[in-house]
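Structure first, commentary second.
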């Protein structure tokens, strides 16, 4: 007879708020020998929804845990997921020619700072193939023209399916996705927009920012949805600029903000810290 | 027969970590008709302690809740407290002549931004009496010399007792407290130190900071303990400075940091968000 | 014969950019025994304008300095001003009922942290009269209704003239000014807008921000112009918020940002650090 | 006959403060057809030194400019330098095994965001050779043991000489340099220390920071001098941490701060924005 070291699980759930949820969930976990190491709950008075994230150590099998959780989830009409803490999330990164976000994501993965496994880099250009190669990630060139866009999107979706990718990251991919593609990847596609949304939607946000004379520029990571630049915001940050910074310098300064905002959003998503609450997000940091 | 609107409670607890704590606590709350609106848990692998803060709506009486919680607290050897959400904490503020922290605390209390009730301002000087008076708070002048220090500290403690004060805030009170006083107020006396501890302990930290040529200055709110400037840190923040800021300007810039760091620490303490974990703190924000 | 300690002057200027400006200005100052203690220059390649701020110690009389500067200013078509470093700028503060910005400005003035002299507090309400009185500043109640608005604005302008006020600060004054009033006070009226412009223009910005689910909220200090919320931005800052902060909490958090952004903008204006460059500003910090 | 486009120069200088410096320098520049595009001056009342940085467009030859500047420099006992704006500074980067700072510097150079040319990566280990190779930079393995340290330092200095390197960056090079080496590279060797100096000097600063329970961690870029961790500070920054971050997570969070603090310090040095003022720095940003 051997004693197994317990596994470390992360459970997330949301459901209509009512008394007894925490007790019921904690009961299921206790009955499976679970020891809670970290947990957060939040009830949104506006939407009437309750959100919960639990990290728990348990020696129970995944099947036993899932079966027990299914029961309580049914009772409370929960949307829920169970995963191993730290399991790398299979991720496709989409880029055009700008390298700063890609470099940051691949470097962090390599250093063990980001619980993702980049299974493919997809681009409508070829400039970033060597960088993908340096980090040992397959590079897929899928060119896009007005005429080939539907075919290109089908190729992307096929690749996502084939690779069992769980997450798609638009790391400064300079193409607008079709509504159908956004819907097909609903809740698992993250975009980085190079402005502090809702300021400066659309094209050339740094030129707009310079023209308006703002004193801070920002970046916004959000789930991509059919409404351009309107998806649920995961993370935002800003950097101070001055009158002396021209539009070109805003681009350079902004790239630093973009890459760190995107890296945080991807990490929190991959750690199951982001729950969607209508067109807003709950982020259990 | 009438239906009472449920009260809103905040429960905090810490105890040796082991499986079943959350389930047991949630069970007590559920049995008393409780609905959890916000909660956080944390297990410190270093000290082996478990920390929990729960906000819960319940129509049960305080006596029933306390009785039920006492039982589970005994079982798990918990240190715990139960309070009404938003109840103003009776607070004594100690000052010397610098007004910036006092003005900030009194103004925030008046605006309903800080769940405290300042029941006395105590000072070894008289300059700030008019400000206390403007905000309708009794002002107590307790002068301190080397010879009268023990008597002055006794007078302070008597006042704290007499006023049922739960919290003492040293809002730039420029006297070093005796070890006995620190012990008597253990865990309920907050000091603001005008540096980013552990840098620049002791006197004249801004002069030290200017001499060292630092590029950021900071402030630290901590529980006062017998070891000067070594108590558990509650909150810290910094502000950018440049070569052009002389020591006097560092003082001015620093006062902004001091007052906002102190205000946050007092708010979190008064909202029962700060739990002491050895010589560190757990802050459930 | 006595030796006078030299006066400390601040000179600001802007003019079409061309070679020789700094040399000419420095020459005038040197000819008047001036010693430059701090200076900054900036050429805006976009507008073709050159901006300069100089702090200089000189024993020359104001008349001599002005006469010498007038000559060079004419040669280079300069807009310029000369003032004593640290001279308090005569300021009218306009408020409605929110106290946080007023309290901050009056407190900073009292502490010697802001080179302004508030010569009047003007309000369309009476709630803040006691605060003005505590700080020893005359309070003027000028009610505004749709019908009396033109008369109220005339009363304000008369007061500004009568008091020789150089600056008007809208410290959360909840009335929209007429275009005529904005023009009459062009370049010397500062407004604090409670959002990170250009996000959330217009009314109820915190409700808008909460609805959009942003992760940072901000405030913007700008010169008021005929185009609402479109005047040249002087300063902006942000604070982090979370999903757990409802619209009411955003207001509370936002007030901290508003008051510090407004205080910085007023200080920089009063120190002659802000120069207008079209619909943008140059800020020599 | 052709008209040359003017060159863009950056002049920095420091000297004992006295009237007439700016006028004299501006005069030399004007006499050489110079148009000042950006300039900053600062007089340090504490040390009595005056500092100046000027960017100027001029069609004069480098020899003419230097000759004219030498004259005025002699008159005012100036320390000065003249360089072309944007000329890449020849840089040697020293590393051990941590890759985050090296990756950041090489990536920024490649993107044209950092006016340096890394002419060699030197390491006492071999792990980072592939990264240097990917970016096309020669990698030099110079092992160090207690016995070989003097020889290793000589090899480094020989390499610096041979490559005409102007700057050495210790990008998490985990060896303590000898006093002689620090002196040989005085003012042109930058170190990144992984704490907010003067907090947590010496080894294992993140473990120290976790033990003390600080709420912010930081990093400090400074010129390396014979006094360990005491050299003039160029830049510092911090990041917020919580009770839930263990020492390992502080390391991860800290690496983000380290790399951006070091990148800023290197950029400002390479742009001639950093002037040494005793054991402090003047940074004209």
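Each chain carries a letter (A, B, C and D) given by its place in the written order, and its residues are counted from 1.
Just so we're on the same page, a contact is a pair of C-beta atoms (placed from the backbone, for glycine too) under 8 Å apart; a residue touches a chain by one contact, two chains touch by 3 or more.
Heads up on the chains, UniProt names are A, B, C, D = Formyltetrahydrofolate deformylase.
Note that this is a predicted model, so its numbers are computed, not measured.
Peer 1: Decide which interface, A-B or A-D, involves more C-beta pairs in contact, and give its chain pair.
Peer 2: Of A-D and A-B, more C-beta pairs in contact link A-B.
Peer 1: So if I superpose chain B on chain D by CA, what angle comes out, to the nearest 5°?
Peer 2: Rotation angle between the two copies comes out at 180 degrees.
Peer 1: Tell me, please, which chain's centre (mean of its C-alpha atoms) is farthest from the centre of chain B?
Peer 2: Result for max centroid distance from chain B is chain D.
Peer 1: Centroid from C-alpha atoms only, then distance chain B to chain D, rounded to Å. What do you get?
Peer 2: Centres of chain B and chain D (C-alpha means) sit 42 Å apart.
Peer 1: Can you give the whole-Å distance between the Cα centres of chain A and chain B?
Peer 2: Whole-Å distance between the two chain centres: 36.
Peer 1: Which residue numbers or ranges of chain A touch two or more of the other chains?
Peer 2: Counting only residues that touch two or more other chains, chain A contributes 38, 42, 244.
Peer 1: Report the residues of chain D in contact with chain A in the complex, numbered from low to high.
Peer 2: 38, 99-100, 103, 107, 111, 113, 130, 134, 244, 252, 255-256, 260
Peer 1: Using the touch rule from the top, collect the residues of chain D that touch chain C in their complex.
Peer 2: Touching chain C from chain D are residues 17-23, 26-27, 29-30, 33-43.
Peer 1: Which residues of chain D touch chain B in the complex?
Peer 2: Chain D reaches chain B through residues 42, 44-46, 196-200, 212-216, 218, 232-238, 242-244, 246, 277, 279-283, 285.
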